[in-house]
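Going in written order, the chains are labelled A, B, C and D, and every chain counts its residues from 1.
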Amino acid sequence: MLDAFRTAAAYPQGATAVSLPIDIMTKGTKTSIPALPATAFTPPEYGTSPSASLSRAASMIQNAKFPVLFLGTRAATPDAVQAVQGFLRKHPIPVVETFQAAGSISQDLAHLFFGRIGLFRNQPGDKLLAQADLVIVAGYDQSEYDADAWHKSQSLEILHLDWIPADYGAFYNPKLELVGSIAANVKALSDILANVSRPQEFEVAKSIFTEFHAWEQSPQALGQTGDGPIHPLYFIKLMQGMLPPSPTVSSDVGSMYIWLSRFYFAYSPKSFLVSNVQQTLGVALPWAIGASLSQEPPCSRKVISISGDGGFLYSGQELVTAVQQGCNITHFIWNDGKYNMVEFQEVDKYGRSSGVDLGGVDFVKYAEAFGAKGLRVSRSSELEAVMKEALSYKGVCVVDVEIDYSHNHELMRNVIQDNIS
Amino acid sequence: MLDAFRTAAAYPQGATAVSLPIDIMTKGTKTSIPALPATAFTPPEYGTSPSASLSRAASMIQNAKFPVLFLGTRAATPDAVQAVQGFLRKHPIPVVETFQAAGSISQDLAHLFFGRIGLFRNQPGDKLLAQADLVIVAGYDQSEYDADAWHKSQSLEILHLDWIPADYGAFYNPKLELVGSIAANVKALSDILANVSRPQEFEVAKSIFTEFHAWEQSPQALGQTGDGPIHPLYFIKLMQGMLPPSPTVSSDVGSMYIWLSRFYFAYSPKSFLVSNVQQTLGVALPWAIGASLSQEPPCSRKVISISGDGGFLYSGQELVTAVQQGCNITHFIWNDGKYNMVEFQEVDKYGRSSGVDLGGVDFVKYAEAFGAKGLRVSRSSELEAVMKEALSYKGVCVVDVEIDYSHNHELMRNVIQDNIS
Amino acid sequence: MLDAFRTAAAYPQGATAVSLPIDIMTKGTKTSIPALPATAFTPPEYGTSPSASLSRAASMIQNAKFPVLFLGTRAATPDAVQAVQGFLRKHPIPVVETFQAAGSISQDLAHLFFGRIGLFRNQPGDKLLAQADLVIVAGYDQSEYDADAWHKSQSLEILHLDWIPADYGAFYNPKLELVGSIAANVKALSDILANVSRPQEFEVAKSIFTEFHAWEQSPQALGQTGDGPIHPLYFIKLMQGMLPPSPTVSSDVGSMYIWLSRFYFAYSPKSFLVSNVQQTLGVALPWAIGASLSQEPPCSRKVISISGDGGFLYSGQELVTAVQQGCNITHFIWNDGKYNMVEFQEVDKYGRSSGVDLGGVDFVKYAEAFGAKGLRVSRSSELEAVMKEALSYKGVCVVDVEIDYSHNHELMRNVIQDNIS
Amino acid sequence: MLDAFRTAAAYPQGATAVSLPIDIMTKGTKTSIPALPATAFTPPEYGTSPSASLSRAASMIQNAKFPVLFLGTRAATPDAVQAVQGFLRKHPIPVVETFQAAGSISQDLAHLFFGRIGLFRNQPGDKLLAQADLVIVAGYDQSEYDADAWHKSQSLEILHLDWIPADYGAFYNPKLELVGSIAANVKALSDILANVSRPQEFEVAKSIFTEFHAWEQSPQALGQTGDGPIHPLYFIKLMQGMLPPSPTVSSDVGSMYIWLSRFYFAYSPKSFLVSNVQQTLGVALPWAIGASLSQEPPCSRKVISISGDGGFLYSGQELVTAVQQGCNITHFIWNDGKYNMVEFQEVDKYGRSSGVDLGGVDFVKYAEAFGAKGLRVSRSSELEAVMKEALSYKGVCVVDVEIDYSHNHELMRNVIQDNIS
């Protein structure tokens, strides 16, 4: 029960603890334990850190030549996001975010955004961190991206902002902790800071920024690689253009989650849902159902969910719930007939793959068995029309997308070799 | 690895231990551990107990007025079954078996069989045990049916036969253990025993036996209760008549598993597969696939699997495997649109049910999405024809059976109230 | 490592994380992992709660007719104690404390102190809580005294002050949490509060207070019960008079810890050391060694430790360390030749005791075997002189005190029957 | 409860299961669960393996050129020992034993005994195994001496005899298992075997045997290394000569347990008690008390226990029990003022030692504090007289022996480097 409360504690709305009555049978006698009175739990409001601590933090930032802001999951709450964006408008510095903090940076601040980091340490944001002399880490949970992965050197100066004290260790060793309201402390710092360095204007940062955006003009993203199965970059770029500013997009686990985590942009917090720590195959559709039901009013806006074909079969039967509840969900299956992420790791480790072939399912008919609409697309030239139909459909629609994973292995090999040490 | 071997040890065929090569990456260096040499493991042959122990056991049996034979999972091996049946032909006494020992009694010995026991203690076999002054327990594992459930009195005299020593405790407290080959010890006892009491001829036993078989002539079993959804007893009786002597029947978990465990008769060991201890919803179809693939030649004979509609959705996507592997499986879904076993327990405990409604799936179309044949039957009068079509179909066939669960709650209530104390 | 830091975080002095170099042997090859750089960990400074939260808290206190202050372990830090005492001088209200918060109330505030609570719910402080309409709980950890023990009614209004959010549940359900520096928040409340009720002036409170102090004039405490073995109350009262204001007193576990926790007064925090949660027999002497070594300069002031005879034998061999390190410790053994706390519980539950007899050790000679001084006292009339000698001895001295536990069982029976419900 | 029974099952005497009454308090209501009826548990008698298995086993033995008998803990029961010794008299082959099987070989068979193996793989018995083409393993539990330590090659042909099936794996991979009574199967094999090879007559075996006994004539064992502290070999040789044939000797853990396990000979089973798997410091004296109390009549014969000075302080206070119960125990403390086994491992791994210094205890006075007799010896020349006095003392006597551990580190270094690969 506590965990639910503690999670809830990051949000201003509060929560209600409910208990059920319990009957216990002992030697034929029934003892009834009545339900506990429902308790309206109000999470505590956190305050600002002591002014001495704030002054020390401000000095650290002002003395830094290359400060970088690093946003984690607990910095992706509405009040923290508002404070962070206010800070950046006044004191522009480069920002990276974890997968879970997706959407913390608004479109007007995109010139400060150096992408997401997590899982493999080979992304532009990782290169940026390697240049930093101060990392301002806000709302970060080490389970998002292990500190021993992104901070092998143990030598970065870290300023920790959170309402939870740092889980201090060899790899996550903040010089100073501001424990209290992230929003209040960010705002307080913003107010007292004067001259802050602008590392995004340094050549090295500009070069990383350019590298970060290079893919957008690649033949793959522009759909110029022939009319066969759909390339992930083309899918993502096309979809991003067809969606309203920040719809809820729910990602499953697998190769597609690497593509989406790197290349799908979100501009409002909690609008891109991704499983990282637990790597639970099959989460995309159930999360989409939850997101749809928690809209106000329920099921009022389109929710997108995306999975591989293997992941979809883990929980595809939840379509019955989605349909019965009147959800408004478009689910795209990136279908390559394989457990692709398992396959390329097997090839990497053992020189061949084994037991990864899927296929044999008619997903259109499968969708129809649950009362959902089914669509299918296997050529790049048809993607735009099918995507339009799927996104405009009111109700639950499943789209079987024949995906082009021909470069996945290469990409992953780079992932492993590109390690910054 | 050991568990696999130990399980294998009950069988005479032996087993092979295989190990895979392993690569371990440490700080960028790969260490390769080669595969271990494949080892042909031959399980040990167990012998006969010392003659002094056998004499003591024989005395116990000869002195008993009401001996009952209780067969568990490890008595359901070919050699043990042969020895047990030889014993019973020479020294006929009543027999009960756990769900896992299903099929240990052949049809010619059916007059000695008082049914299966397990889960709830309200079956004819339980009543029989309450009359016994000696229980000869062979190959029983306490996880099949907890001894504190069937032996509350702690006062039964127990003779233990197994190749595993008794897991001795307050409720399972054998007076004597014959640890060794079950087959060899049963045969040795059979040889040295002279006059053994025949409790099946006592009035109380006859009355229990009559009660055990009463359902077979009930209107429900005869399909005389109107032409609506199909009654479980009618389904079971009809199916039993249409199957070859002992086909493999795989049962899922739920209300249907109670019906099948009580009323479906099997006459050869390991031909009725039922999950009891772990209560794993969704096992029926995967087990059926395994049973089909392990036939010699693979997939050569029809395998039956049966589940509820809720259980089917746990693992229905395995149809793709069944179809791709060329299995010969008929899967019956007993469909009542609910999690029935959860429902009646909720009603019993809380006075109402919640969150148990299913429905909304077109199982015929679902089957077709995986390349299987789909059939549907909703009236008793149509069952025979549909069942015949389904059983004669070569390949994978799913049958959606509208089931009549209107009496389940009553039945269960009896289950709970009938406790023998 | 974290736990050490978190514990350290309650103190202003900081801490240093040290790691050792590690050698790992794999297949004959040694890999050396160097020591991590020593990191000087500085615990975060906590701030004040938001003013809106403070206002709400002030209203709760001002509206209460019978507010009670409840101090736990994390309120026993120097800065929190200073703030709490400042609060009480300005807004006098009754106070209770857990065993671990012993010493938080100074002698000049003793008229507000209603004793310690914990373990059994039958103390004056528990009676006081039963009268309260608001409990201000500061720095309390539920492991000190389970909330389901002292708050069965679940209906007390609770205001939570701590730098750790409440471990919210059915029994510990604060209406409001002030999460931040206990000292800062107590001081802030003290400043903004105007009229606070003075429940200590109510008749019911006066009566509880009188009951709380009644023992001090009892014949037992005054040593007027004959010249046999020493009564616990006489020992405590005598010792309290002979000690400087707040020496470090370390208590073992057993019957003696109940006597000391109830009747020994301490007036500065962390000066009375008691194990409660883990109930570790034998802790008194090792703790005393630690306390002695951590003095500045080490071993400069007398430390008292007290145990039973059974508990002493758990760790008495640590005398060798105490002597070798030059500690200045007087250890009193309350010797009744039994495991007394086990004995009276056995008698209570089974009507007789078993396996609790000790005895047969010459503790004077035992002390001498380790190079310590040994003393012995078996009559009340001799206690004062022996205690004086023991306390004035420079070095390690063990005193074998023949204790009068004749009333322990009665006392415990009261404990169980006095339950406030 | 089961474990106690299973352990008991190795012995012919049986055991009795006892349960205590339990009172459970729930919400103020006491439920009394009466004691279960005391059940006289009779462990099962195991029989002989099937004759086909025995024939296969006999062939394996007859075909072997270099068979070695390997005895483990479950082969050290009276009936198994008798059968094994009968086998060896008829079919003499070399024998090794684990520490736990100490005493399985009688003095008249000492010419076949190649010593104990365990812990480190550098003993004569290990060298012998490296020559074997068949190892007959009887009653061996892998926790005694890990199979991956003594059987790295995985290529030895193993014949397994036990009443427990083999815990089969890569390193313990018997070709054949005789599961049943060890005594009965050994006897059956003895009867049907004809010509068995005598590897003890091979040169390589003779050379190993000579090496095994070389120490007995060393200056250290003969006490010819000067009149300082006592050398372990001199102590052991002297003690062995002064004891009756097979007294109970209880060994603590530490350097002394390596010396005793290698060099102390016992000629009847269960007469040398050694902790190996759990490495529990302080076991020697409590075990000695148990051994003394379980004699018939209790405490009738002298029991020897031996520990280091560090290990003695873990449980020395049990002297009070030994004295009160009237035990007849002589406890020798091998006193070097250090945790020696920790010290030499620290030096080996880190180049220096830390935190291992003990000392400062007068063990003579310590013994007297508990009512035991205390003696002390610090020169080789005095050992014989003191040992004689200690062994002839009726009651509990503690002897503080100043031990010469000057060669321990060297010895251990050999231990590590001598690995047979």
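The definition used in the following text is that a contact is a pair of C-beta atoms (placed from the backbone, for glycine too) under 8 Å apart; a residue touches a chain by one contact, two chains touch by 3 or more.
Chain labels with UniProt names: A, B, C, D = Acetolactate synthase.
Nothing here was measured: the structure is a model prediction, and the numbers come from that model.
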item	value
Chain of greatest Cα-centre distance to chain C (Acetolactate synthase)	B
Pair joined by the larger number of C-beta contacts - C-D, A-C	A-C
Distance between the centres, which are taken as Cα means, of chain C (Acetolactate synthase) and chain B (Acetolactate synthase), whole angstrom	60
Where chain A (Acetolactate synthase) and chain C (Acetolactate synthase) are represented by their mean Cα positions, the distance between them in whole Å	47
Where chain D (Acetolactate synthase) touches two or more other chains, by residue	none
Footprint of chain C (Acetolactate synthase) on chain A (Acetolactate synthase) - complex, ascending	1-2, 5-6, 9, 17, 19, 36-37, 39, 41-50, 52-53, 154, 160, 163, 165-170, 173, 175-181, 184
In the complex with chain D (Acetolactate synthase), residue positions of chain C (Acetolactate synthase) that touch it	21, 23, 313, 316-317, 320, 323-324, 349-350, 358-363, 365-366, 368-371
